[in-house]
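After the C-alpha cells below, expect a handful of questions from me.
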C-alpha cells in the first residue's frame, strides 16, 4: 500500500471534554497500520501537551502522559502552531514533548500534504 | 491535494474561526454548516472573511438546509448556498475534508 | 465513489448525526456508496435501542437503522466509546459482568481499527464533528 | 409561598444542540408553579426567537414555536439583550414574539432581582 | 444550608459532573446538606448502569452511587432527558414496549417538577452546565 | 441579592466571556472553572478584565483544582485561587449562582 500520511489534530484543552483521550485512542490504533502519522496542536489543543498536569489529587485518570509514549509508537512529528502557543503565554520548554513550531502558512502546507486529517 | 474545510461553530462566539482561513490554500473550499451559517444574517460579520477568501482563491459555500432551518437570510452573494447534493459534490471535488 | 463517514456528536443533543444522515442519503442518491458509518465519542449513544423520542420527533436510532437496512450501509460503534457510555451487546455485558444489554441490532461494535481500515479503503472520508 | 422570581436564560442558537427544547421543557414545567417567570435571550440565544424557522423540509420537530405559546402559560417577560440582536444583524421585527429590549446595565439589574437563574 | 445541584454535562465527555461530585463532597464536609442532585440534558446518561470504564478511570456512575448511599443524597434523572438518551427503568421500558432496561438502582427518574420543587425548597442552587 | 457567576469556557475561544462582566453588579463574584482557568497562564489575556472587575467591585476567583489538573500557573495576584471548600463558601456567601 502506498504511504497515505495521516494527521491527527488536537484543538481543544484537556479535562473539560473527552476529545483528548478519545483522540489518543485513535492515534494508538493508527500505530498498528503502516502509515506515517503526525500530530498537530492548534488553539487550546496546545494545553494537551502542557507539562506539570497533576492528577494525583484527583480521581481522574487521563491520557496526557500517553503523548510522551507516542514517539516510540511511530508518531513522526509533533507540530504546534506557534501563534497558538504565544497567545496563551506558553513556551515550547513548558511542553512535555519536543515539538516542531509551525507558522500558519506552514500549517496550511502540512494540511495539503495529508491523505486524511482527523480533528479532535 | 485540495481540501474542503467544514465549519460548524458560531462566528459570534468562537474567536478562532477567523484564524482558520490562514490554514487554507488556494483551490480549497469552505462550507458553513450548523451554527456557522448564522453569521450570514449580519451584513458585517463575514465581509472581511469573504473578501480575504476571494483574494486567496478559496471559495465559500453555505448549507441551504441549515439556513432554512434557522430562518436565516444569507446576505452575501459571494457565499454560495448549496443543498446536501452540493455538499456531496464538494466532498467529491476535493481530495479530503476537514471538520473544524 | 466510496465514502466513509465518521460521526462524533451525541444522540439528541447534537445536530451532527442528523447532518450526517442527510448527507448519506444525498450521497446514495447521487450514486455513491457509503462504505461505513462509524460512531465515535458521544455518537456511540446512537446504538442504544432504548432511546425513545416523542412520535413527532426525529428518531435517530430508528432512522439510521432504516438507512442501513435499505442501502446495506454498515453502522459501527466504537467499542470503547460505547462501553464508557453504557451501550452494550449481550456478549459485552456478560464479559463485564453487567446486567442487561441495549445494543440495537442494526449496529455492530468494533475497535477504532475498523474506522482506519474503512478510511484507507474509501475514496473520501467525511467527518461530522 | 412568597414570590420567588425565576429567570430562564437562553444563550445558544437552536438546532445545533438541545439546550433550546430542553430549556423549554423546564419553562413549561415552571408554569405549574406559582412563581413569576421571565425569559432572557443573550448572545446566539436570540436566534431561538427568529421568525421564519422552516422545519417543513426536515425530519426534525423542534420546539421553537412553543415560545409563542408561553405568554398564555404565565411567562411574564421576553427580554432580549439589545447588543446581541444588533451584533447579529437582527431587528425586533424579525422575532416571532414581542420582546422587551434591555441594555447590558438593565440585564445586570434584572439578574439581581431574580431568586434563581437557569441557563440553557 | 440546604443546597440542590443541577448537572447538564454528559457522562465521560464532560468535566461538569465530576466538578459537581467534588463540590458535593466539599459541601457535605462543611456541614451543608445536599437535598438533591438533578441530572438534566446529557447528564441523564449518569444513571446508566451499563456504563463501564477501565479500572484506573473515574467511574462516575459508581462514585455518584456511593455518595448517594453514604450521605443519603437523592439522585434524580430527568425522565424525558433519560428516555431520549436510552436510560430506562424496567417500568419505563415496559411502558414504551422496549426490550431491556439499564437504570442504576441508586437513581430515581422524575419530571422537571422535582427539580423546581427542590430549587424552591433549598437555600442555594448550584448548576454545573 | 448578590450573585456568583461561574465561567467554564475558554477565554481563548469564546468571544462573549468579555461581555459577561457587563451583566455583573458590585458585590458579585466571578469564579473561573474548567477551561476558563487556562487564561491565567497568559499575563495579558485577563489583565483588562481583572482591572475592570476591581473598578466595578466584582471579585474574581479561580478554582485551584482545575489549575493543578491542567498544569497551569496563575499569573494574576488579583485572581484568588480557592479550593472546592472555597467554592462552597462562595455559593453560601452569595444569594444565587449563575453558570454561564
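Every chain is named by a letter (A, B, C, D, E and F) in the order it is written, and numbering of its residues begins at 1.
Basically, a contact is a pair of C-beta atoms (placed from the backbone, for glycine too) under 8 Å apart; a residue touches a chain by one contact, two chains touch by 3 or more.
Please read all numbers here as calculations on a predicted model, not as lab measurements.
Asks: Which is the least count of steps on a path of touching chains running from subunit A to subunit C?
Replies: Tracing touching chains, the least step count from subunit A to subunit C comes to 1.
Asks: Looking at the contacts, which chains touch subunit A and subunit E alike?
Replies: C, F
Asks: Taking all residue numbers used at the subunit B/subunit F interface, answer same if over half belong to both copies and different if under half do.
Replies: same
Asks: Which chain maximises the distance between its CA centroid and that of subunit D?
Replies: A
Asks: Considering only mean CA positions as chain centres, point out the chain farthest from subunit F.
Replies: Ranked by distance of C-alpha centres from subunit F, the top chain is C.
Asks: Distance between subunit A and subunit F based on Cα centroids, please, to the nearest Å.
Replies: The computed centroid separation for subunit A versus subunit F comes out at 28 Å.
Asks: Can you check how far apart subunit B and subunit E are, centre to centre, with Cα atoms defining each centre and the answer in Å?
Replies: From the centre of subunit B to the centre of subunit E is 39 Å.
Asks: Indicate the whole-number Å distance between the mean C-alpha point of subunit D and the mean C-alpha point of subunit E.
Replies: 26
Asks: By the touch rule stated above, which residues of subunit B touch at least two different other chains?
Replies: In subunit B, the residues touching two or more other chains are 8, 12-13, 16, 34, 65-66, 96, 98-100.
Asks: Residues of subunit E touching 2+ other chains?
Replies: Within subunit E, residues 12-13, 15, 41, 125, 127, 129 contact more than one other chain.
Asks: Provide the list of subunit D residues touching at least two other chains, using ranges where the numbers run on.
Replies: Touching at least two other chains: 15-16, 18, 43, 58, 60, 116, 119.
Asks: Chain pairs in touch?
Replies: Listed in label order, the chain pairs in contact are A-B, A-C, A-E, A-F, B-C, B-D, B-F, C-D, C-E, D-E, D-F, E-F.
Asks: Using the touch definition up top, name the residues of subunit E that touch subunit C in the complex.
Replies: 10-13, 41-42, 45, 48-53, 61, 83-88, 93, 96, 98-102
Asks: Report the residues of subunit B in contact with subunit F in the complex, numbered from low to high.
Replies: 12-16
Asks: Note which residues of subunit A are touching subunit E in the complex, please.
Replies: Contacts found on subunit A: 15-18, 59-61.
Asks: For subunit C, which residues are in contact with subunit A within the complex?
Replies: Touching subunit A: residues 6, 40-41, 78, 80-81, 111-113, 115-116, 119-120, 125, 127, 129 of subunit C.
Asks: In the complex formed with subunit A, which residues of subunit E make contact?
Replies: 12-15, 18, 54, 56-58, 63
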